[in-house]
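What follows is a structure written as structure tokens; I'll ask about it next.
Chain naming follows the written order as A, B, C and D, and within any one chain the residues start at number 1.
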Amino acid sequence: MNFASDNTGPAHPRVMEALMRANEGRATSYGADALMEEVRTLVREAFEAPEAAVYLVATGTAANSLILATLAQPWQAIFCSEVAHIHEDECNAPEFYTGGAKLTIVPHEAGMMDPDALARAYEAEESRGVHGPQRGPVSITQVSEKGGVHTLDHLRALTGVARRFGQPVHMDGARFANALVALGCSPAEMTWKAGVDAVSLGGTKNGLLGVEAVVFFDPAHAWQFELRRKRAGHLFSKHRYLSAQMAAYLQDDLWIEMAQAANAAAARLVRGLKQRPDVTLAHDPRANIVFADWPRAAHRRLQEAGATYYIWNGGLEGPDDEALTARLVTDWSMPHADIDRFLDLMSG
Amino acid sequence: MNFASDNTGPAHPRVMEALMRANEGRATSYGADALMEEVRTLVREAFEAPEAAVYLVATGTAANSLILATLAQPWQAIFCSEVAHIHEDECNAPEFYTGGAKLTIVPHEAGMMDPDALARAYEAEESRGVHGPQRGPVSITQVSEKGGVHTLDHLRALTGVARRFGQPVHMDGARFANALVALGCSPAEMTWKAGVDAVSLGGTKNGLLGVEAVVFFDPAHAWQFELRRKRAGHLFSKHRYLSAQMAAYLQDDLWIEMAQAANAAAARLVRGLKQRPDVTLAHDPRANIVFADWPRAAHRRLQEAGATYYIWNGGLEGPDDEALTARLVTDWSMPHADIDRFLDLMSG
Amino acid sequence: MNFASDNTGPAHPRVMEALMRANEGRATSYGADALMEEVRTLVREAFEAPEAAVYLVATGTAANSLILATLAQPWQAIFCSEVAHIHEDECNAPEFYTGGAKLTIVPHEAGMMDPDALARAYEAEESRGVHGPQRGPVSITQVSEKGGVHTLDHLRALTGVARRFGQPVHMDGARFANALVALGCSPAEMTWKAGVDAVSLGGTKNGLLGVEAVVFFDPAHAWQFELRRKRAGHLFSKHRYLSAQMAAYLQDDLWIEMAQAANAAAARLVRGLKQRPDVTLAHDPRANIVFADWPRAAHRRLQEAGATYYIWNGGLEGPDDEALTARLVTDWSMPHADIDRFLDLMSG
Amino acid sequence: MNFASDNTGPAHPRVMEALMRANEGRATSYGADALMEEVRTLVREAFEAPEAAVYLVATGTAANSLILATLAQPWQAIFCSEVAHIHEDECNAPEFYTGGAKLTIVPHEAGMMDPDALARAYEAEESRGVHGPQRGPVSITQVSEKGGVHTLDHLRALTGVARRFGQPVHMDGARFANALVALGCSPAEMTWKAGVDAVSLGGTKNGLLGVEAVVFFDPAHAWQFELRRKRAGHLFSKHRYLSAQMAAYLQDDLWIEMAQAANAAAARLVRGLKQRPDVTLAHDPRANIVFADWPRAAHRRLQEAGATYYIWNGGLEGPDDEALTARLVTDWSMPHADIDRFLDLMSG
């Protein structure tokens, strides 16, 4: 009953097999391995983007920060929500990588920025000539950190605002596949066709050991990105082990299969939670993150029985009937029995 | 016959097995996995340093740059040789991570700085008050990029100079185990007992997929390092896969075993080269890197037969008898048959 | 009738005379001039701080950013209001100088942070271990950018919060003397006795050509600050011309005299505005910045007659009776006749 | 007898008068003052460059670093001599401003790089793909820090190398006017006609209080430079006081007049030194910096009599007849009587 995060689960057996196969013989280092050629083809096909520049790094923070540093100037503002991972959970990595750009906060619902509020935020910046921060890219997290899945219309509304101000769009896709499955659309529809310029395509939270793809739909950024990756220490010498993971991920739609399993587990959980009168869902989750409130007594019971998850607003000490907010995250490997047992335990 | 680098070979089977075992069940993320506890203990035991702060990152550039950023201030000079990896091969990563420290070049032989020259370089910096760069750490590469292995006396002479100027010492140990085997000393003797404050303990070039340990003998640096690692995107969420590699590396002296194999392969190569009148060794190699000159005709013959290695000073076009310098690197997996075939091919 | 800013007026004749006197003969460069010795003494006496480290730079942005870089780590958050000059009007200079610290916005009234809100902001940061930004200094602007003058109680409440979280306090004192005059307190009472660690002591907006003093009450920061100033290009070779200005400023209380004149001019303006039924003052101004609303028709009349000032929320085109917000700033040199003419013109 | 530096002397009376005149009434701030319009015209006329972007800052380090940050990428090498001010005397300011570019040292004579050595240095960088620093701009100091004046041919040879590698050229012209006078050429001939892209046009060392002009011959860099200047705190609010200095400098060729006086003083000194058998000149000085060796006994006599200058390689303690190297710098205000007295004192 570990719902702490989608980064606590194991990698998929097919990924491990791919890693084993990749370990045979010698391979050219630093991204010139044959498997990377395959990855490039697979990503370009998946995104219907034959010109896209494709790179691999090992962490989401690296993917996000290196993309933002490529798209933003140090004197610019990057627009994002207050709960954006880049704002809250990367210890100022975007500021470090961009050389001091500012993250400007835009009002949001369930981690999804309001397009009108984004437009107002853009209007407000760059109204003081050389004195204020200049307008820069917008960063959208899909699935949002609060479990929200932007519709294609929502995405287009946000990217339209950025476009209106001549600014590029980054998508933090740490849970890209989960959103894809939730929307039932294509990777192209959720990215460049909706106005996204570059995406951090997550693999780590969805069944890999630790690989994220960086995709620039305009290859003009390629060489600069390669230099930024190298001087950040994010270019791997034995790169084949990254390539092998990402190739296995995209082959035979393993990534979709795993995201479906994760979303299905969350849906099962949500169905159970909805049947309980003392549970309030923050919003109707469509992907693999669930935020819900229920009384402390039930939290205590669950955690004492070994359930693991984050409580957002308080500890186990306190009145029994006070509502506490839980964040529950599922991944491809989540046993349905765990979910059922969790729901049983809530009933006490 | 691939002598291009020790980063083109496979990981050791025991490492792959450890990775497989680590993939079972769920594990706490971001370095709080149980395996990391084991790694910490193994490193501390290996270095006889029960207080040492121990961290894992995935690349040597990350290890070096993060250590240097922790030890150096942005207004300081870091002393190193002209052929230091941090100077030549990290695309200004140390400058990026330190926020603009300067790398001050010290004369060297076979990549090993001359202690007197180091002292003179220290004297020269900080002689202009606030105007010039201030004195900072020295960075020693052991095994050097030219294949040189510093004796313990040499190390002590260099660290003694740094100490005299109140400055700390970093060791780039990308090939630490190869040096250890060459010197036949203990990890403690080659580091803190010789005056080293922090070491990048390489695993990637010596049979891992991609892990380097960072060891600070004074744990005062620990928290700052953790913050620097996080904001650089070098903290892995599924950290257990790094831990598993490093644990396997240190258990039952696998790291020593692999370094012995690599050094033995180089020694076999050197024995063969020494018997040839047209070959000149740059110096007598004690670890797993060999620099040697021989005529272009033999280079052409070797490369046409499929041998892979770097030629330092010229191409295959040109006079047959002109001497070109080869860099040959061996690793744990190098078949002796390849070496023998290589030597046969040289003879024509 | 130029109320655009207190940086559009001339320097005081006594300052110009001091500059002339300073131009005689040769003087040691880079801050070792005899006049700087005098400045140091004058500042220490004015602040009753015999140990304080005192430096001069030429711009407020330099003073603020260099202090913040000295007090904050790159992975920290600096707490300030949304209208803080460091946030809105320095084109990301604090982010640049600190190497990527984050400015965390705290709710405010008239540019003065609410101490409870500050406490909540501190609570919220550093609640996610290594992942989020770490807590850092608070930056208070006295006089605030909205013309607010913190009482000593208010200052102590804010610094008390910072202290509670173990963090230092910066005061942006671009209009320090105007606040001093408004409060009728001593420099010591408004700074170190109230818990302030370092202050940017403005001179430029109050009758100098371009000099701000940097004062650290704890001299431990001195050498680091000197290095930061130098590598930022803010150490002047012909430093005597900065020293001369600041010495003249503090001698015979010229700074107080000029701030009194500026505040008196604002008070005269406010008295006139208060008598008009169509004018709404944002708050009761105590220093030299006035924010007030009145109908567009009067704005149009004033600006057509040559009055210069900023309109905050709209242009001269639009309905006559719509209220627009003006920012009016006075300095030591403001002729009272200009104020009276301005008030006359409002009446039409 | 103060030959310590050309930054210890006073500003020219005509500059002080201009400053006084500029202090009348109110002026638009942040570089939009009417005097700056005049400066722009004067600089463009002086350089025959009607399109040039022209800015003012207050220190040479600011001018150099901001230009280099505009011309260089963080992953590049900037080529300069070992004695370049940007390398030796700016406490890593270029590394700070560029976000971590590397200064690559090129062999020089009298501070003037050898064009062939520069070509070899360019060849050597960027030979390792993404791994090494990439090629970036060259920075030439005219007059060099060792007093050398590049001929136009020498300049063209150096800029030709940069051009061959597609890289731009910066000129550190802290003593630009002194070089101009020495060569008897036009500002255009010494800059853009010789292949220079941007120049730090010094005023501070040549009779101003503290102003340097930044000139980009290609105005494409203008807006980026303005943002960089602002976020570095080098944009002055009361900018008119910078404008006034630079306008006075260029009007009626005051800058040339002052440089002629400085060079003439140095020439007088050199004539005297040449007549002494115990003096060896480092090279024949053409501008206002003299390097010469003579025995310690004479140094002792001079310094005890109150002469001020730098001794490069040793102190006053030691054998009487050991040769020590003096650096002597003259400016526009140097009394010839001081020079004559200095020469008399040498004779003992």
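In the analysis below, contacts are C-beta pairs under 8 Å (C-beta built on N, C-alpha and C of every residue); 3 or more make two chains touch, one makes a residue touch a chain.
All values derive from a computational prediction rather than experimental measurement.
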Chains in simultaneous contact with chain B and chain C: A, D
More C-beta pairs touching across which pair, A-C or C-D? C-D
Chain of greatest Cα-centre distance to chain B: C
Inter-chain centre distance, chain A versus chain D - centres from mean C-alpha coordinates, in Å: 51
Roughly how far is chain A from chain C, centre to centre by C-alpha average, rounded to an integer in Å? 42
Chain-centre distance (mean CA atoms) for chain C and chain D, in whole Å, is 34
Which chain C residues touch at least two other chains? 74-75, 90-92, 96, 99-100, 130-131, 134, 227, 230-231, 235
Footprint of chain C on chain A - complex, ascending: 74-76, 88-92, 95-96, 98-103, 105, 128, 130-134
Can you check the complex and tell me which residues of chain D touch chain A? 30, 73-75, 99-100, 130-131, 134, 226-228, 230-231, 235
Chain C contacts chain D in the complex at 2, 4-5, 7-11, 16, 19-20, 23-29, 57-66, 90-93, 96, 204-205, 209-210, 227, 230-238, 241
